[in-house]
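Each chain carries a letter (A, B, C, D, E, F, G and H) given by its place in the written order, and its residues are counted from 1.
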Amino acid sequence: MESTTDIFKDFQEYLNADHDLREEIRSVVRSLEQTAREIQTALQAIHQPSYLSNLTSLCEQASTHFDTVRQHYSALASKIPEGQYYRYNDHWKFGTQRLVYLSALLVYLKEERLASREETATTLGVKTNREEGFHLDLDDYLMGLLSLTSELSRLAMNSVTAGDYSKPLRISRFIGELDSGFRLLNLKNDSLRKRFDGLKYDVKRCEEVVYDLTIRGLVSREEKTE
Amino acid sequence: MESTTDIFKDFQEYLNADHDLREEIRSVVRSLEQTAREIQTALQAIHQPSYLSNLTSLCEQASTHFDTVRQHYSALASKIPEGQYYRYNDHWKFGTQRLVYLSALLVYLKEERLASREETATTLGVKTNREEGFHLDLDDYLMGLLSLTSELSRLAMNSVTAGDYSKPLRISRFIGELDSGFRLLNLKNDSLRKRFDGLKYDVKRCEEVVYDLTIRGLVSREEKTE
Amino acid sequence: MESTTDIFKDFQEYLNADHDLREEIRSVVRSLEQTAREIQTALQAIHQPSYLSNLTSLCEQASTHFDTVRQHYSALASKIPEGQYYRYNDHWKFGTQRLVYLSALLVYLKEERLASREETATTLGVKTNREEGFHLDLDDYLMGLLSLTSELSRLAMNSVTAGDYSKPLRISRFIGELDSGFRLLNLKNDSLRKRFDGLKYDVKRCEEVVYDLTIRGLVSREEKTE
Amino acid sequence: MESTTDIFKDFQEYLNADHDLREEIRSVVRSLEQTAREIQTALQAIHQPSYLSNLTSLCEQASTHFDTVRQHYSALASKIPEGQYYRYNDHWKFGTQRLVYLSALLVYLKEERLASREETATTLGVKTNREEGFHLDLDDYLMGLLSLTSELSRLAMNSVTAGDYSKPLRISRFIGELDSGFRLLNLKNDSLRKRFDGLKYDVKRCEEVVYDLTIRGLVSREEKTE
Amino acid sequence: MESTTDIFKDFQEYLNADHDLREEIRSVVRSLEQTAREIQTALQAIHQPSYLSNLTSLCEQASTHFDTVRQHYSALASKIPEGQYYRYNDHWKFGTQRLVYLSALLVYLKEERLASREETATTLGVKTNREEGFHLDLDDYLMGLLSLTSELSRLAMNSVTAGDYSKPLRISRFIGELDSGFRLLNLKNDSLRKRFDGLKYDVKRCEEVVYDLTIRGLVSREEKTE
Amino acid sequence: MESTTDIFKDFQEYLNADHDLREEIRSVVRSLEQTAREIQTALQAIHQPSYLSNLTSLCEQASTHFDTVRQHYSALASKIPEGQYYRYNDHWKFGTQRLVYLSALLVYLKEERLASREETATTLGVKTNREEGFHLDLDDYLMGLLSLTSELSRLAMNSVTAGDYSKPLRISRFIGELDSGFRLLNLKNDSLRKRFDGLKYDVKRCEEVVYDLTIRGLVSREEKTE
Amino acid sequence: SPKEKGTKSTEQLDETSPVIQAFRIFQRELDSRNDRNERIVKLSRDITIESKRIIFLLQRCAGSEEKEDVLSEAAGKFKELYRTKFYPLALELDGQDPYQYLRAYSAGLQEYIEAVTFYHYLLDDNLMRLNKIQADLTFNRKAQETKAGNQEKITECVQSTPAAASDGAVPSPKNEQDTSSPVNNETEPCGVVTVPIPPSEYMLGIADFTGELMRMAINSVGAGDLESPALVLNLLRIIHTAFTNFSNIPRELRQKSKVLSQSLQKVERACYTLRVRGSEIPKHMLADVFSSAGSM
Amino acid sequence: SPKEKGTKSTEQLDETSPVIQAFRIFQRELDSRNDRNERIVKLSRDITIESKRIIFLLQRCAGSEEKEDVLSEAAGKFKELYRTKFYPLALELDGQDPYQYLRAYSAGLQEYIEAVTFYHYLLDDNLMRLNKIQADLTFNRKAQETKAGNQEKITECVQSTPAAASDGAVPSPKNEQDTSSPVNNETEPCGVVTVPIPPSEYMLGIADFTGELMRMAINSVGAGDLESPALVLNLLRIIHTAFTNFSNIPRELRQKSKVLSQSLQKVERACYTLRVRGSEIPKHMLADVFSSAGSM
């Protein structure tokens, strides 16, 4: 009977360790999400009419936050035992998706192009591939991009309000490209699919803005096909 | 635009690979569960009055099935990329618990003792610890043991029907030991805890059989305290 | 535009016809279930201590109800357009399962054997195979058998109360056989599987009765292995 | 006992056959939906400013995909045992609705008229009526049409962006006609009704585009009443 | 549009009157349920081993509470406008069912027979038929009886604990008779049907007690068929 | 065991006292909510085209209702034992939030600014801080503001219908400022957070109105940045 | 029928047992109630279907020239509905506590109220009052008592004149007893039968009616009718304000008031769009533009 | 910490705006409240875990000879719990409206009550009263005020004597103000802090305790203790009867009373089984049989 008791004592230690680890993960993730919220708040300024003038400083400011992000991810990565990423990743899934969206938004604002998965991983301070260690899961990267399109379609409209009639055209084209990209994917009936179904509304919204500009002659034909 | 398309093509490959892998896993797991069912069916014979005479052949027969089990687990293990056990383990969790129960039942039938986690892992053809590779998760091992107690308490009763009056005493002692072991664990309110709550009825049932035997003098005092 | 209107008028007729047909089906099925309830009530008498003496008249009486059953099924069959059995079978699924159970119970009471699918279909007045017309779906036949085991396990206990100590043994064997049979099946996680999971309680209950009889010497060894 | 086992062996075969059939159906349907996605992606080009010039080639390209569609449906039809269409049609319902929409869109793009149920069935390679074999269910045809109106209302707007001011008028008239047709139906509170409730917004959207063109004199009175 | 506003003012008055009346009803019903709880508490003593000795005083004590019950029902009846019993009866439905159960329990304890609907109505101080005024709804009477069977099946078990081996037999017979009675009814899929489905567990429980007594020879054959 | 019974008697008294107090609170709160509904009804007139002409009288009328509000809060405050505000505040939470919204709406209509927490508390006749007594909970104040933004975004649209093209710009700016304010807060996953998530729709709605006006040149650049 | 069979199937029961004897009585009572309930449910379902059809028909009015035709077609359908469904329903309810069967006919009644208020709104731009609706559902049975067949009875049912029904305010629960309120019909001596409409059913019907108003307003813009949205918005606001101000309202009504508020905002948005778009050209041109767009 | 970062992140905001200024204040207030709530939740979670452990430990008593040892081990664990969890919790609640944080510590409190009443039942077969439990959770802070470090404070906390806490009846909400009820602790002048136990939390704990009683009764049969089930049944019946008779009880308590009723019936069944099985041999033999079965 001695041995039976021993077996169960070992088990108890194992259970306790799992519980403690989850507590620690939860704590880091909370800080991570807090930083994400701050970046989000800072970037809201892009919808203000005046933002064009201080876009650079805005981006710089947001960029500094990513130092903190990288620290948090580093702390997180150090806690996850090798090979147990998928045992615990529900904890940081949501926060990561948000940070992908924010870093991709930053890239778009600065260079009007798609942030690649590699550079996004670098910005977050994680690996691109699972084999290398704590990585950016593909699903999370894609979910982040779908949040980006939603924000950009709003920006298209507010650009008009701010008097910039050409940006909506470029955004519309960019979102159209992303839409084509996503259509290539064979999505299952999961959260990604559901979110992707929302993309068509972003596409439509941008098309409406372009339509409004076109019918009023506020945009030249050259611009449209440039 | 070329590059955007490329990015998504890569993604599609990734998604397809995941989908295909899950299909393969599902297929192996289906075979695994089929084998488990066959072992279960074979072992049902222990409740027949006549089983004592052919216990050995019964166990041998069941044992051969475990060759198949090990092959399936080997196939399964080879499919799971390193570090992704927990990404996919929902697929085989249930089947593994069942096989733990069956292999522990076999050990009990043959040697009337608790199958340790290590030997159970060996019987199934998997590792004991996560670090070593595709392993037997602790929760699944424990769940399997709780199925075992339920089956044994039934066996205690049917042994009497079959005319074997000493086996119930030994089973009762064995289940009592397991009960003490589980009581050492601080289980959370999860499926394990729920399952454990049923254990007391298995204990009680065995006690009652012992009682029935005792009051009729069908068991000697020596046997009881041996 | 004329033609567009015509197209839609045709559609309307189609929709109305479907609605009316469902109403008619519902009405026949209601009568069918009413008859099933009556048979059920009549057969409840088997749990009375006195039933042995008038088992024959009981069975005869229940049998006459099946004339009505066959009439209802004949009415039902005539309503279902060829090839649309599965479009509407949700309506009569439950009632059919109940009638399978009742007719199989009748067969067991009279001859202590399993009613085959063919004879059950005949008793109900439907075909055995889909190709022949309105048929007894296999799932429904199996579900009916699982209701039978539940009723028989109750009968095992009440037989003891009525002083019949050998019937429980025969019932226990019969249910054991059915259990083995069902274990051969590869059931999906559907309602059949769920219902089958309940079968183990019926098996256990019978085993307990046999155990109670055995430990008190109320049954001879010969009877048990006969 | 022999016979009981036999009975269950037969059953197992039956269950396996059903399971295998569903697997096969699922596999064909997956291919079908994949093809549908490809057609959809191809036809998305109609919203690009440049599409007018290559409408013909676009339609031709999409048309070729329907060869594949017909092959898939032929494979599917050959799998479904006679009279079991409604047992399995949940599997292809959604895909069929999508293909109805795509083939009706193609007909509209080429000839600006409603694709009849007969020709749609032909394009898909299925029968029009249930009696003839694997057919196009009426509900699915109607659901497909409702997806068409949504796509066309979007096209009306994007046509303006692309500089085509007369297409929106024709689309508006076409959708108006469909709306009148659907109003003739007494729809129950099902998915069709819900979908139809959205039609009024498509109608309105087209009217608004026509309005925008009219007040700017971008469309002649003759065109409007032609 | 003044008159339109009047419509809503009238309706508000109607709502207020309805609300006030419901408040009054609720208040009486609360007292009614409190009295029911007290009777229930008093009658819980029947499960004590000692209750046989003071059954008479127990029943007398419970009886006096029914004076209060009748007063409450009289107050309640005076509040309900003629022909609106079913408008408000949700308020007292539950309480009435409980009181039916308690008064029927009292009758059973005293005379071991079924309390008729008429005498139950009289005990509660209400009419038997709707036409006569505030009445005892048949559904509520039947629901009360189903609570009775549940309590009696518990009593059967506790009687054994208290050393009374013949009461369970009489209870089992009584519940069996009620079961036959209920089977005569064509119940809809309502709460009564659901509750009736629970009756089979009460029947079973009593049968088990009788079985336990029989197999141990604790009850003579005469007693069983008396 | 007498003393055990005492424990439950004491507890019953406690429950009764609690129940009575809650009844009283509910009654006051009902009056409070009725007054809130009347204010709400009066203020609905702001969505009518004609409201500008009688804004002053409208506000005055609404203001008088707040005398009643203060009386109700005074009655309520006198009922709540010290230190038990949060025991009962579920009762008035909803009503208070509504009144915060209404009084803040009034302030906005009159002066186009944010009503501070202090002045809102004063208007309602309660304290600002918990330590001072019956107070305005911060959560309730914030929830009220979120209802305000929703109402104002609706007003923005209706103002345009009424021919006022500049009000939407001011509303949009005001809501934008509130949005920034709310972003400073670290909201938990509670009702406030959920409600705040809805704020983005209000922001968007206003942005759309401003966009619609801008693209049609109905608003001058000066107005937008004034 | 179930009753006969029930008797047949239980030959082995001990019919001398008081329990069985009592349950035989219960059996008859339950069967009779369930049968009545079934018949009422069936009538209600038919009323729902036909009312929905009438609503569909009425929606065709939106800005259309065939309004007259549509309205008279609807009037005919209502007449048929009274004759074939509501009169039989009134007979079923005669002598019963209508609230016992309200759940069985509530759905049909609400849908009918939705249809008939919609019809009357199209007729005279006003909200139909409860007593008017109630009068339509009150029938004079006297004439039929002498006739023979049931079929004829139904054919010749006549609606009582509005005067025969309560003409006063909405009855409050307390005083219904002593008024000629339709809800209490047992005291009617003159052979009048009715389908009682509890005021809350009326309001639920009104709430649904606002959904149809919204649909009509949005459809009518497409049909070139630029006035309807504003008119409808006016009525919707009155109803919405009233609903907002109701206290003590039942849960079902509260839920519908949320839908009502959404309908209101949809029409507000339509009016907003008309204004914004109208800003781009002179008013008189606007109507012209839309009406020609709609006449295609 | 969130606060610093919040400040950093918003440099571009217009800090002169009254809206922003007001929200800066709200930010601080919300943060402070949320932080306190977080700390309390954490303490509550720890209390839950430790109480569950104690209950597990106490279940080992069932018919066992090591009862004395187990009870004294449990006593030690309770002491540690007061020192490391309840005293810090009392400090957090000091000066607050405890009901504001009740949801945060309710789970832990109930689990603790379950554990401590179980412990006392094993000690003296009786139900522990609320004022006794409350006294255990009331701490005298005076001694610590002079010390320096927080750590030391906790180490040396002393529980106030029972007399310091309310000794009377369960406080009713109306009169709590003027009694020395623990729920209202702001008027305590003598440096006493407490974790207030609302009576309904006490009852919820009692309800859970009955579940443990049931477990113990069933386990003890196996251990040869044939008396426990009857004793436990007695207490369970008293509690069950009391719960049955409660009026105005909160929903949560009503739900638990269903579980209680199931526990009662499980123990009733155990007693029934004992009787039925006991019928087969003389009473004195029965105990003998079971006790030897249990001692294996």
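The rule we apply is simple: contacts are C-beta pairs under 8 Å (C-beta built on N, C-alpha and C of every residue); 3 or more make two chains touch, one makes a residue touch a chain.
Everything numeric in this text was worked out from a predicted model, so none of it was measured.
Looking across F-H, F-G or D-G, the interface that copies E-H in more than half of its residue contact pairs is found at F-G. A comparison of the C-D and F-H interfaces places the larger number of contacting C-beta pairs at F-H.
Averaged Cα coordinates give chain A a centre that lies 44 Å from the centre of chain H. Centre-to-centre spacing of chain B and chain D amounts to 50 Å, using the average Cα coordinate of each chain. Centre-to-centre separation of chain A and chain D, using mean CA positions: 34 Å. Rounded to whole angstrom, the centroid-to-centroid distance between chain B and chain E, based on C-alpha atoms, equals 48 Å.
Contact with two or more other chains is made by residues 180, 184, 186, 216 of chain F.
Chain contacts: chain H has residues 2, 6, 10, 245-247, 280 touching two or more partner chains.
Note for the complex: chain C touches chain D at residues 1, 4-5, 7-9, 11-12, 14-16, 19, 81-87, 114, 116-117, 130-131, 138, 142, 177-178, 180-182, 184-188. Against chain B, in their complex, chain C makes its touches with residues 179-180, 183-184, 186, 204, 207-208, 210-211, 214-215, 221, 224-225. Touching chain A in their complex are the following residues of chain D: 34, 37, 40-41, 44, 47, 49-50, 154, 157-158, 160-161, 163, 212-213, 216, 218.
Taken together, the chain H residues at the contact with chain B in this complex read 49, 52-53, 56, 59-60, 215, 218-219, 221-222, 273, 277, 280-281, 285-286, 289-290, 292-296. The touching residues of chain H, counted against chain E in their complex, run 237, 240-241, 244-247, 265, 268-269, 271-272, 275-276, 279-280.
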